[in-house]
Structures are given as structure tokens and as C-alpha cells.
Amino acid sequence: MEEWNEDVLHEECGVFGVYKDKDAAFLTYYGLHALQHRGQEGAGIVTSDGMHMKIRKRRGLVSEVFHEEHLKDLQGIHAIGHVRYATAGGSELENVQPLYAKLLKDGFAVCHNGQIINAHNLRKKLEAEGSIFQGSSDSEIILHLIQKANGTFLEKIKEAFSQIEGAFAVLVLTKDSLYAIRDAKGLRPLSFASLNEGVCVSSETCAFQVTNADYIDDVAPGEIIGFTPKGMIRTHYTTACDHHMCAMEYVYFSRPDSELDGINVHNARKRSGMIMAKRDKDIQADIVVGVPDSSTSAAIGYAEQSRIPFELGLIKNRYVGRTFIKPTQEQRERGVKMKLSAVRSIVADKNIVLIDDSIVRGTTSKRIIQLLKEAGAHQVHVRIASPPICFPCIYGVDTSSYEELISARMNVDELCAYLGADSLRFLDIHDMKEAFHTEKLCCACFNGAYVTDLYDYQSIIERKPKK
Amino acid sequence: MEEWNEDVLHEECGVFGVYKDKDAAFLTYYGLHALQHRGQEGAGIVTSDGMHMKIRKRRGLVSEVFHEEHLKDLQGIHAIGHVRYATAGGSELENVQPLYAKLLKDGFAVCHNGQIINAHNLRKKLEAEGSIFQGSSDSEIILHLIQKANGTFLEKIKEAFSQIEGAFAVLVLTKDSLYAIRDAKGLRPLSFASLNEGVCVSSETCAFQVTNADYIDDVAPGEIIGFTPKGMIRTHYTTACDHHMCAMEYVYFSRPDSELDGINVHNARKRSGMIMAKRDKDIQADIVVGVPDSSTSAAIGYAEQSRIPFELGLIKNRYVGRTFIKPTQEQRERGVKMKLSAVRSIVADKNIVLIDDSIVRGTTSKRIIQLLKEAGAHQVHVRIASPPICFPCIYGVDTSSYEELISARMNVDELCAYLGADSLRFLDIHDMKEAFHTEKLCCACFNGAYVTDLYDYQSIIERKPKK
Amino acid sequence: MEEWNEDVLHEECGVFGVYKDKDAAFLTYYGLHALQHRGQEGAGIVTSDGMHMKIRKRRGLVSEVFHEEHLKDLQGIHAIGHVRYATAGGSELENVQPLYAKLLKDGFAVCHNGQIINAHNLRKKLEAEGSIFQGSSDSEIILHLIQKANGTFLEKIKEAFSQIEGAFAVLVLTKDSLYAIRDAKGLRPLSFASLNEGVCVSSETCAFQVTNADYIDDVAPGEIIGFTPKGMIRTHYTTACDHHMCAMEYVYFSRPDSELDGINVHNARKRSGMIMAKRDKDIQADIVVGVPDSSTSAAIGYAEQSRIPFELGLIKNRYVGRTFIKPTQEQRERGVKMKLSAVRSIVADKNIVLIDDSIVRGTTSKRIIQLLKEAGAHQVHVRIASPPICFPCIYGVDTSSYEELISARMNVDELCAYLGADSLRFLDIHDMKEAFHTEKLCCACFNGAYVTDLYDYQSIIERKPKK
Amino acid sequence: MEEWNEDVLHEECGVFGVYKDKDAAFLTYYGLHALQHRGQEGAGIVTSDGMHMKIRKRRGLVSEVFHEEHLKDLQGIHAIGHVRYATAGGSELENVQPLYAKLLKDGFAVCHNGQIINAHNLRKKLEAEGSIFQGSSDSEIILHLIQKANGTFLEKIKEAFSQIEGAFAVLVLTKDSLYAIRDAKGLRPLSFASLNEGVCVSSETCAFQVTNADYIDDVAPGEIIGFTPKGMIRTHYTTACDHHMCAMEYVYFSRPDSELDGINVHNARKRSGMIMAKRDKDIQADIVVGVPDSSTSAAIGYAEQSRIPFELGLIKNRYVGRTFIKPTQEQRERGVKMKLSAVRSIVADKNIVLIDDSIVRGTTSKRIIQLLKEAGAHQVHVRIASPPICFPCIYGVDTSSYEELISARMNVDELCAYLGADSLRFLDIHDMKEAFHTEKLCCACFNGAYVTDLYDYQSIIERKPKK
């Protein structure tokens, strides 16, 4: 599975916040930049100097949205920011975050990575009570629920989130406090770290390195952590907590240098490659090739375990950008060729173990295999470092229907034939958990074991096709 | 040595041409996109439909300069294009190529990758005769020499190039013919390949894959190949030919999936890593880490030979772009951190062999080593997959003075101490030639053995500092 | 008083709507373009095809915000649009209109030209009840009040507007109906006209010509007109109606080809010039010069009545745009020179009657007089086609404090001396009403007779300086 | 004849230069801004600080091409600049001026307003001698001729211009001198004025007001004026001089506040209106209306002479810009409506004298008359303040063929009927000369009396259609 492609999983967003640092906007900029892989369609930052809040958000990459003068303009010692991947139909500016409630007396801003499962119900109720929505994003619901709740701001947050079910990492900024909230099942990651005198919070730990922050802890499932003038407060908005980190965070989304719940992503992927190699006792191959960049870790692991040399059989063009001209329909295979090249002198006449992290639609995998064969590869044995994706994700990953999931329609043999591979094997769930060193995973997209109620998604999930 | 950095070698440009294909502009776009690593500051294409020529060129990446409507507008069956890396002070649009001589009756266009050594003399002579220059680029000289020469267009080209000395790959397009010309020492690469009914020419063979072209041959040193209505013509404009491909093309510039003079770049780099491993009989290390992306091939070779595991100890941020905000002076080390992360869980407490392709100023290497040590690395043994760069390049690589070359001022021990490395070794010239499987190299930047007369560069080169 | 200047009155916005026409978006574009003089900082259009609504809004001129593809994209048969002049601190995109409430089942959009006098009270109440605001614009209040009201949509509008006091022309669009609402004092203009089968509504009648619409009537003070699937409905949301059109609409804001409450603006201005000429029985002048473009009508009237020739003594540069570089402080007088030139061969040695529509700060008038004198004018007799502005406007005109109003601090003799004029006279209120052929005017900025309660503005108005 | 329309005459360009002033770039910016009406498609400035030259040029308005930082960057005490109207097919950046010859030792830049009649011959000769052209603009010829000439720079200019025939105003800047050159027939205007210690040169005198410069003199036909370190030098490059200022400069191109050869343009136009009124002894009309803005002067003159009131019967929309969406074919009449409105309450039931400066294709005039009639005008008597244009201009005005000239095909009666006017009269040549107070006019477009040899234009002119 490879980037810049329709045939790819997309997650929604990353969040980063800073509490009490004179360079809050700059640090948030660096942090968001380190999280850019989690969303490239929009970015925004809200800052507070303790009295007043300022906001800037736009469509585009972090480096496009913010120039130096913008960051200087975003004075403040607290900040929260967001990078957005927009799902279909939702790329309007109204949906770019942070969302900011501008109130007569103070105001507050929200950054939200994830999906609210009971959004439809909540929105219906809010609209009936007179609330107005500017965009189509679920995240506005959070603003309204907080604003309508009672008590201190912390109590308002508790009341609001006690009504929300789903997968999310949320940051809330007021003029003098920053709150970090994680969903009750721990589906999305959220960690915090110490700065000089302050704190920063991030979707992934990889952002702490560039901000020179020292990792402290993860926000726990169902937890609210408030960084306030009175100090840090840790509390829960629900007791119905459980721990099921999204397995695809390990498989594909997170950067290899991040630690998820204390486990390094590169190492988890590398071990998945090693386990696949152990299962492949029989294989006769000359080289191991990973689909760059997401499958390199697993390929290294497979190579190290199998003692088959790791090779750069596929080269990625670093300059594929968003404005790129798509090849015409009849030259569809050129699409992959512009992003990836097979290196003839490496792959010609070789038996290849091709490692990919996952298969969604299968179209990209099919073309990569074709690319290798055209370059003279003798055999291509495909090894997928995760189980077949057979169920739609309702927790924020952009696979909302069975139609897009080839493994929902084909078994492994059929798929192997479709891909033109010489053999095809997936990592099974058991091995995946072993590789990732954790049982605390959501595997719903592999086995249909959703970790929350389904609400309006019930009907979608029931439409499972027969193979 | 890693991209997006001042501390990096830059070459000037790549060229790509198509003769006789109804999709000439689109194919040239794809070809230039595959050559984007050779220059990111400007791009342009000239086409001819056999009667009229059209041009579009702008500053920016290929995908920024050309949108679909532009390519549709560039009707034609022949095309030449260019990607530019601008040397200091030369990023004005006047210097973006192709350069086009618009004449009353027909006209012609030139794309030029390289450096003309006797440019100053030629320009002085041309100006004295009344020629006018619009920009500062050497390439305009070629236009003037052709226009002033006599005879058929091929004879004009011969006469023009017989006066030019330097390192270059040049494409010339008239309304009905395309000419490919390479310098007499073969310093810059230039190859051609067959299309359906036509031909394409490229600085590097990596561009042939995306255009579905089949490699035929390299343009020979001192050769002119004309693709004309009368067929292909191969001739030489000089007999003083020799073959000295720029060694840095193998070391750094070319894409790993290109073949230079028939030798695959990845394999050449990998063998350089293997030889370094053989020389390192004594080393006690836990992992091999390459500076991404340029040193990955050599690192894989070192790992394979030494049986020390290859690891992703450094992760590159894929979203570092040109509009990026530079960290302030006092946070200079953040510059490297935004582009590279050291993976703590991989490198902590490890003895590391760090492979880099080359060292120019040394500042980036120093920071990378610091990064690894901050992440807990125990020892960092630096291995450079090329010899020390001690002499300025006069053939188009952007190292014009001794001041920029740390190896011109320090010996290996001093440099090791400066870098904070635990040991430092370079590949020597003899081993490099063995690794690259060729003696036909220009090694002037390593040993001062320039392969042409020096002209005005004589005085610069004589200023060599004492160590 | 002349455009593109800080020393100028600004009003807030113009609105235009179309009900039932297949070219709704294009017609609204043309209509907004005709209203461009009412606001140049932002523009937007919402359309409905009867089922779904679409929106586009941006900062910039109408012709910058909308290109052909945008209008094609805004499918629909109904549309409302807005041009915005942003008051200080409010140019953020959040405040660009239309404002759109995106609801699960249907939604609605609002365009608002004017000022809500009791905005602070309403907003405080709404926030206390849990409503959230995205921007600082008063207009959001309208959305919330409608959404929180009960009954049919028309009943909701009635309930909402019965709570709002101020000066406004408002358009509301639902998926199948368009509502036009005018404030209870008739301070802002709003008219409607028939299209082929539909209707259009506009802040000014000048927009009906380009859309080929035939004027029907004005919306009455306090009236709601609904264009609905059931036909047109005319009703009032209050009985406390009265008619006081803002006098400055005649004096400065409206286009000369508009009819306000049935009175043509050019003719009203021309008559004000004629009356001034009648009052000037004694004057000995050679030519009449109007400050272009706003004072041309009054100057023509003065010339016609006095039989002193009308002359182009001042020429306006048509290309003064928003990105224009401001002259440095010490060259402040160049600011006026870039916009206006005095024609030496016309004005030299002449006694001039200089007609201007109004004086705000007085700085521009002072420089224009200086310009004429530098060009050789002998005498400059200034005649202002409106009374002195001595009170801040609270109804949407951008003169919120006494400090900005020179006539609040100086009497006519002092001001004449300050300006360097040879004589200075203003039109008095009585003559103005005679010239405009109406008594139904708000003259608060001239005489302090505000036509509504003052709410939070009470304290500002009480701060009147002594002369 | 009204702006922003295809049915309009276009001239090519304006030039402005500054010699010896520390604010050379800023003053040139202000000057070009005052000349913006002469060309809106591109702008550029070259400066020299006495040693080095800098250039910036782009497509767009002066205020779009130059922001403050650009002008600060253009250090220097001398400058020349250019605003360009691009003729068909010539809007490429290559043609935007100044053109700059970058030479090893010094260089020079050229700004050129006009047309070289023998361009084709000169270019053919230059190309045969080896000169290369980058664009299609005639102006490059000047660069080449200067560069190829011999002697001092002044001698080179003399030699160059002695070969050039046509209509032009040219500025040449070297590092330490500025030269102003005017064509031998005085077809294009060029004047100079004193600054504090320096001098400025301009196509029109209207630019002197904003730069606080005092008019000194016009450059004479065939004259070269050099501003050099040795002082001012006035000399001629030819003795075959004569004086025939383009009549259309008075009629349409120049700004009313400019003086051409000492005659104020507004006054010349006003007198042409007065003479037309004298000829119209019989007319029974209620109001005089001028097509804004170009015909206002003549309309004022007509009104003053005839004692029929001058009225604002047509209002111009000030915001018509270049990105404006063109109405569809079937709504063609809307094109005029977006730019002009007829004021119903002024024109209804009136007999109108409509003054226009000239008629080219006749399509705009036809629509304006229609507009007035739709608004209720009873009769429309059209008076054109210049003779019928029956011949193409070869001196830089964009009417290169008889097809575009309705008066070349129709006599006055036929044209009156075509336009739907109630009567139509033109100013005759004799009256025009009387109105303009000069006999020194080129009237070739009216009577075919071209003031130079025709060269390649001979054949075009001979194709005159029969009426």
C-alpha cells in the first residue's frame, strides 16, 4: 500500500498542542509538520496569550498555510493545532480545524482527530434545540455540547464527552487552559511530553523530537487531562473504558519513529516481517523488496529473519505532489510508474519476496507486481504484513464500504490470481498481536469485532457480501 | 549528505526530448518528472508540430509549471524539456530553459545541462561581434554560436560545438529535427531509447521506464546524434574525445534506478558499501544506518557484506518543501530535526555504522551524529561512500570554492573529531573505481586531475589551502 | 469626499437575491457586480436547486471571487449574494457572507447589510443559552434567532426579527424560499423586481438594469416579503414602523442610477447642487469643479443653476487598486496626487467653486484644495452638498467616534481656515430635504436625532466634544 | 468609444524614466502608474545605481507587478520603466519590457512605445548576420542595432536609430546614462521635466504631477537627448524630421490632464465638442450625454456651446476588471450593461445628444444607443468628436485591417441606420485641426495620408474595400 493514491487508507487528522511556552505557535508548527503524514489537506493553529485567542487555518500543507509572519502574528503561550485529511465532500474551509467558538466573554477552540459514532443522533438533538452548524464535520458537535453543558469548564467538558461515543483524540484550548481528551476505547493515540517549563500534547510521539520535548505518558482511554493555571488535572469522563488501539496505526498510519502505547512502530512492523519469514519456511527467493516507504520496516524484518538480502527493487519518485497530472484512462498503468520504478538490474530474473503493509482495493498491488514482472522479475511472492481487510472501518479510517475492500469479496487464492502474484500470504491476527507485542488492539476491519455500539452504521455493516 | 539543505551538492539540470510521437509534450512531462531530482527550481518544454514551435517555462517543479491545459496547448510531435537547478544569482526566469531563438523563418530551441568552461572567452568574442545576452546562463552562448555558424543546421551545430569546451548534455530542437550532443569527455550522461515509432533522449535512463521506452544506447563523448526527417545521423564534432563520467553522478546525483554508461547506480553504490565493509574487518557494531535517501544503497551493501543488520535508525520527513520556515539561528540544530528523526528505540545503546554518500561542508553530518547520540547511540562510526572532496568542481557541480569543502582544510582525523564521530573512513579512489566497475571517471574533485583545460578557473584552483 | 481613502465614509455591504431563474448564480453575480461600490472586501453567493444548497465566498472583488467555473458549479434556481465592506478587525473570512446554517435536514443562509443596535444584548442571551459564534459579525445573531424560534419558517423569521433592532436589509434563503426583510425604520434600502418568471431583490435598483429586471416595489420598513412555492407573501414583523432612510445613501453611498424610495440619486444630488447655487447669489467664479466621481452630480447641478461652466478641473486615475503602495509619511501629499490630478491649463488663475459631497476628517479636502492651488487656482470656494457631520453613526456607517469627525470639533469658519479654502458652505438640513424631495430621512449624523433606542451606544454619543 | 472592450482602439505602451534621484524606482513606479491607461498587460522597471543594473518585469498592472519590497530591491539613482498593451499573440513575458541586454562588461536596457515600420527588413538582415531573437516584439531590434553599432554609446544609438523608421518614443538606460529618442515624424509624444537635482522623461506630461517634476520641454522629432555624467546632450539622428503627432493621442489615448506638444488634451477635446455644437445649429435636444470617461470633455464642450444641459445619462461601473466573466453569446448586450448603465430618470422621454470620441467597429456604439432607447430615450443624436476612421493604422494603434473599421465599409447614412441613431455626425478633419489648435497631426487613419514609407504594409493598405 503506497501513498498518493486512491488505493490507500486515509485517516483523519493529527493534533498537537503546547501549554506554557513563549514559542507556542512555532513549536506547534514544528509539531504539526512532524504529523503532516496524518493529513495534508488543511492545517490550523489557535493560540492564546492568556487573555486573547488568535486563529489561522487554511487548506494546504503546514508549510503552505504558515509563513513566518503568520506565526509571529499568532502570539501566545498556549496553542493547539491540527492537520486534516478531508473525507469525500468535506474539504470545505468550514471543516478545517481548529474550530473556534468566539464568545463575548472568552471563547474556546477544539481540535479533533477521529470519528464520532453517534454524531447523527447528537446533531439531530442539538439542531432541535436551536444549535446551528457551519460545516459538515462531526467536530462541531463537540463545541456545541461543551457550550451547552453546565458548571466549570472542566465539568462542561466532562458532560460533553460523556455523551460522545467513537474514536478520537481531542484538544480543547481556552484562554488559560488546555485539555486533552481520548476516546474510551483508546482507539486513537494521544501522548504528552514536558517542555522547558510547559507541556506539549501530540497524536504521535514522533513530534516530540523536533520540539525537544521529553515523553511523559499517554492520555489513557476515557481520560481528560487538563493543563490549567492550577496545575495538571487528570480525570475520567466515563468509567466504561477499555483499550483497543487501532491496529492500522501500527500497520500503516503512524510514523516508524513513533511509540504507540509504548511500542515503537518500526519495531512492531519489523517483527511482523520476521514472523512472516518464520512462517515461510519453504520459500526460495533471491531478494526481499518492500513497497516504499510504508513497508520498508517489515521488509527489513523479513530479510533479517530469512537471510534473503533486502534490496531496493522499487524506487519512489520523491516529487509526486498534489497538482500532478493524472495519466489518461488508457495509460492507467503509468500512474504507478510515475510514483514507483522497478530497478531492472536488481529484479531481472529474480525470485522476489514483495512485502506490502496491507491491501485495500488491490489495484495498486496488481500494478506493482506487473511493474516488477515487466522489469524481468521471475517470481513475485507477495507477503502482506497485516490480515485481510474484510470489514469497513467506522472509526475514522476512510474505508466506509465493502465495495472498496477486495478482501471482502475474494479469498486469498482468488486474490493471488487477480494480482498476478506467484504466491500470496497475509499475516494472521494472532501473529500480528504477537508482532506488535500487544493484545490491546481494535481488529474490527479484519474480523468485524467492533469495539463500540454501531448506531447508524449497523445497516452498512450488515451488507457484507458473500465470497 | 542529505537533500533540501545548503550543505549539499547541486548539479545543474536534466534534459529530456521526444522525437516523433503524437504525445510529445505529455511524454516530455513524464520524462522531466522522472528527472526532477536533477533540478527543482524551474522547468520548461518546447514542442514542434513540424511547422510551428511552442514554449512554456516557469520557475517551480514540473508539476507546478505544467497543468493539463498547458500540455494540451503544447501541440506537437517533437519536444525538448529541461529541469533546472539554479546556481547562486541565476534563478531569474531569463535563465530558465529551454532557450528559444525566435527567428523570422523557423527558429530553434536549446536545453543544456552542464557547464561551459570557456564561456567567458566565447561570450566576450560574441559580444564584440554584436551579440546580445538576455541572461547570465552559459547556455545562451550555444544559441549564438549556432546562429552565427554556416551551412546546414547540422553543420552549424558541428561548428558551434567545436568551439565549446566543458561538461554538458545538450538537446537542440528545430521545427523538424532533434539533435542530442554530449561533451567530448563524457562528463554528463545522455542516453536514448525507442518509443512506438519515435525516439526519446534523456539525461538519465530512469526516465525511460515511465515513458515505456526501450533503451538503445548512450550518446558517445563528442558525438552529435540527429533525429531528422531523413532518419538518424550519428557524427562527431571533435576527435579529441575521451571518457570521464563525473564520479558524483554515481555517488549522489543520479537516481538509483538509472544506468550510467551501462552500470546501474544502485548496484554501484551497493558495491561501494560492500567494499567499505570488507575494509572494516575490525569493526564491532550492532546496526548499519544509512542517511536517507541517498545513502540507502551503500548502507544495504555494507550490511549485506558485514552481516551487521541494516536498520532504519534515521527517518526522513517526506513533507519538507521549499516554503519551509527556517529555524532561528539559536535553534539551528532543529533544521536537521525537521528533516530527519533518529529512532530512539532502534539506536539507543547501539554501536552504529553510519553510511553517508559524501561530505561537503560537514555541518549536516555533524548534526546527524549529534542527533544519533542524543537518541542514545553509544558509538557512531561514520563511513563515507566516496573519497574526500578536496577540490572545487568546474564542471557544473555547485562547489566552486575551497571554503565550502571541509576536506580541503582538514585531514580525516581532524574531521572525525570535528564531526564528533567515533571513527571516520572514506572510500578511496581505487576502491571507488572497483565498486563502480569503471575506470572512465572524472575524479577531479577528489584528486585535482581535471580532464579539460582550466581557462579562467586556473586561478581559483591554484588557491588551494594548506591543511 | 473621494474613494480609496481612509478619509471616507464606508457602509457595510450590499445584498442581491434571485428567486426562480435557471441562471440564478450568474444573475446574482451580475447583480453583486453592480453593487460592488457598497463593499469590496469580500463576496459570496449561496444557491439552491430546490433540494440542495451550495455556497462560495471569499475575500476580494466579485470578479476575483467568482470565475465562470464557480458559477457553473453553483447550480440552482434561487440564490442570495453579498458584497462586504469590513469594519476594523472584521475582515476575517468567518465574517464574509452569506452565513450558512448547515442542518441535517435542510439548512438556510443569511445575507445582511447593516447594523444590529442591540447585538450585544442578544448575543449575551444566546451564548448563555448555549449558542456558539464563529465570528465577530452581528449577522450570526440572525441565524441563531431564526434557528431557535418556533413554528413555520416564516413564523421563525418573524419571531427572530421582532427581537432585532437596527438598520438592515436582510435576505434569507432556504432550499425553496427566499425572504427579504427590512428594518423597521427603513434605514437601509431594499427593492425587488420581476425577472422572466421569477423575482430579484437588491439593495439598490441599479442592479436591476444588468439583470434585465423590472422594478416592482420597495420592501417597506418592518416588512418581510417571502417568495415561496406558494407565491409571494407580504407581512410585517412589527407594527412600530417609521420611515427614515439614511441620508448618506443619497449623499454618497448609492450609485447615481439607483432610485431610493422612488427618488433617483443623481437627480437628488443634482438638485442639492442647484440649491447651493441659489444660496450663493454673491459668488464670482469662473468654473465649477466636482471631486470625482461622487460629487459630479451636485457639481453639474450647481453649474446648471449658476451658469458658471462645469469643468474637469480634477482628473481621477482609474487604476488605483487595493495593492497600491502607500507613499511614505513625508510624501503624504503624494497619496492624493496618485488618485487625483489637478489640470493646470483648466484651473490656473481661475476662481473655482469646488463641490464635494461631504467632509469627514477633512484631510482629503485639505489636500485637494492644496492641489488646485499648486496648479495655479486663484480662489477655491468649497461647497459641501450635505450638512456638517457632527455625530457618530450607529447604523452601519463607519464613523464610530467624534474624533474622526472634524465638524464635531470645528465650526465652519475654523474649518474653512483649516482647509485653506477661500470660502466654505454646507447644505443645511432643510435644503437637503428639499433637494432630496423627501422628509423621510435619518439625519442623526448631522443633528443627533437618532431614530432608534441607543442601547450600548448611549455612552459613546454622550461624549460629544465642545467646540 | 469606451474602455474594457474589444471594440476599442489600443495603443502600445507608455515609457517613463528618471535620471539622478535617490528614489528612482519609486518615482518610476508613480510615473508608470500615471501612464497606466496606455497599457495594462505588463509592466517593468530597470534601475542602475551607477555600477549595476537591476530589473523586474511581469504581466499585470503596475500595482500588481511591484510591491514595496520590489521597489526597495531596485536600488539605483537612474531608472526606466514601461507599461505594455500587448497586441494579439504577443502577451508572452518575453515581450514585456524593459528589454535588457546583459553584457559581460556593463549592459543596457530599452523601453519602447511604438511601432517600427521597417521591422521585417531589419530583423531579416540581423538574423542573417547571426542575431537571435527571444520574442516577437519589434523592440528587440533596437537592442541588436545598438549592440552592433560602433563608437561611443551615443554614436551607437545614432547609428541604430538612423536605420529605424516608424512611430516611437524610446528610452535607453546604461549604467550611468539615460537616453530619450523620439521618431522623426513626432508621431508619439515624449517630454521631460526637472526633478530636485535630476530629470524625468515621460510619454505624457500627466505623470509629472505625481512626481513633483516641472515640465521643461518635449523631445523633438528625430531627436536624441542624453542625460549623462557630462550633462545633457541634445542631438538628432536624422535630418529628415517633420512633425505629425498622432491625432488619436488627442482624440482618445492621452489623459485629459496631459499637454501634447504644449496643448492640453482636455481643452482640445472640449473645443472639438464646441465646434460640433456650432455645426449643429438645427438640433432640438434636451440633454447632452458623453460616453464615460473618454468623451466627457467633448460633451462638456458641446453642452457649454449649445447651452443644452450636460447630464450623467450613462453611469460607468468602476469595478470592471480583467478577470471579468464575459456574458454568453446570447446575452451579448449584457456586456455593455455591466460596464455602463443608462439612467432612466435622466434619459426617459428625452432627446439626447450622445457624444462619443470615435467609432471603430461600431458594435459598442450600437449597444449604447440601444441601452438609452430601452431606458426610454426619445431620440439619440450621435456626435463623434473625430472623423470616420477609414484606414488602418501602421503606427502602433491596434487597427491593422479594414475589416475592423466600420467606416471603411459604410458611409455616414448607412452607419447611422446600422447604429439605430436618429442622426449621426462626425467632426471633419479641418474642424479637428482647428479644435486641437495644431496642423501638425498624422491623420492617416482618417484620410490615408501616411507620413512615412509603407514598406511591408503597402499591400495591406491597398486592399481598401469599396463602399
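Chains here go by letter, A, B, C and D, matching the order in which they are written, and residues are numbered from 1 within each.
The definition used in the following text is that a residue touches a chain if its C-beta (ideal position, glycine included) is under 8 Å from a C-beta of that chain, and two chains touch if they have at least 3 such contacts.
Quick caveat, the model's predicted, so the values are computed rather than measured.
Q: Applying the touch definition from the top, give me the chains sitting in contact with each of chain C and chain D.
A: Where chain C and chain D might share a partner, there is none at all.
Q: Roughly how far is chain B from chain C, centre to centre by C-alpha average, rounded to an integer in Å?
A: 61
Q: Take the average of all CA coordinates in chain A, do the same for chain B, and state the distance between these two points in whole angstrom.
A: Measuring from centre to centre gives 36 Å for this pair.
Q: Need the CA-centroid distance for the pair chain B / chain D, whole Å please.
A: Distance between chain centres, rounded to whole Å: 49 Å.
Q: Enumerate the residues of chain D that touch no fewer than two other chains.
A: none
Q: Which word fits the touch map of the chains here: line, ring, star, complete or other?
A: Contact map by chain: ring.
Q: Which chains touch which?
A: Those chain pairs satisfying the definition are A-B, A-C, B-D, C-D.
Q: Mind listing the chain B positions that touch chain A in their complex?
A: Answer in residue numbers: 3, 26, 29-30, 33-34, 36-37, 40, 61-64, 66-68, 71, 206, 209-210, 212, 255-257, 259, 264, 266-267, 293, 296-297, 300, 303-304, 309-312, 315, 317-321, 323-325, 334, 337-338, 341-346, 375.
Q: Looking at the complex, which residues from chain A come into contact with chain C?
A: 93-94, 100-105, 120, 123-124, 127, 129-136, 143-144, 147-148
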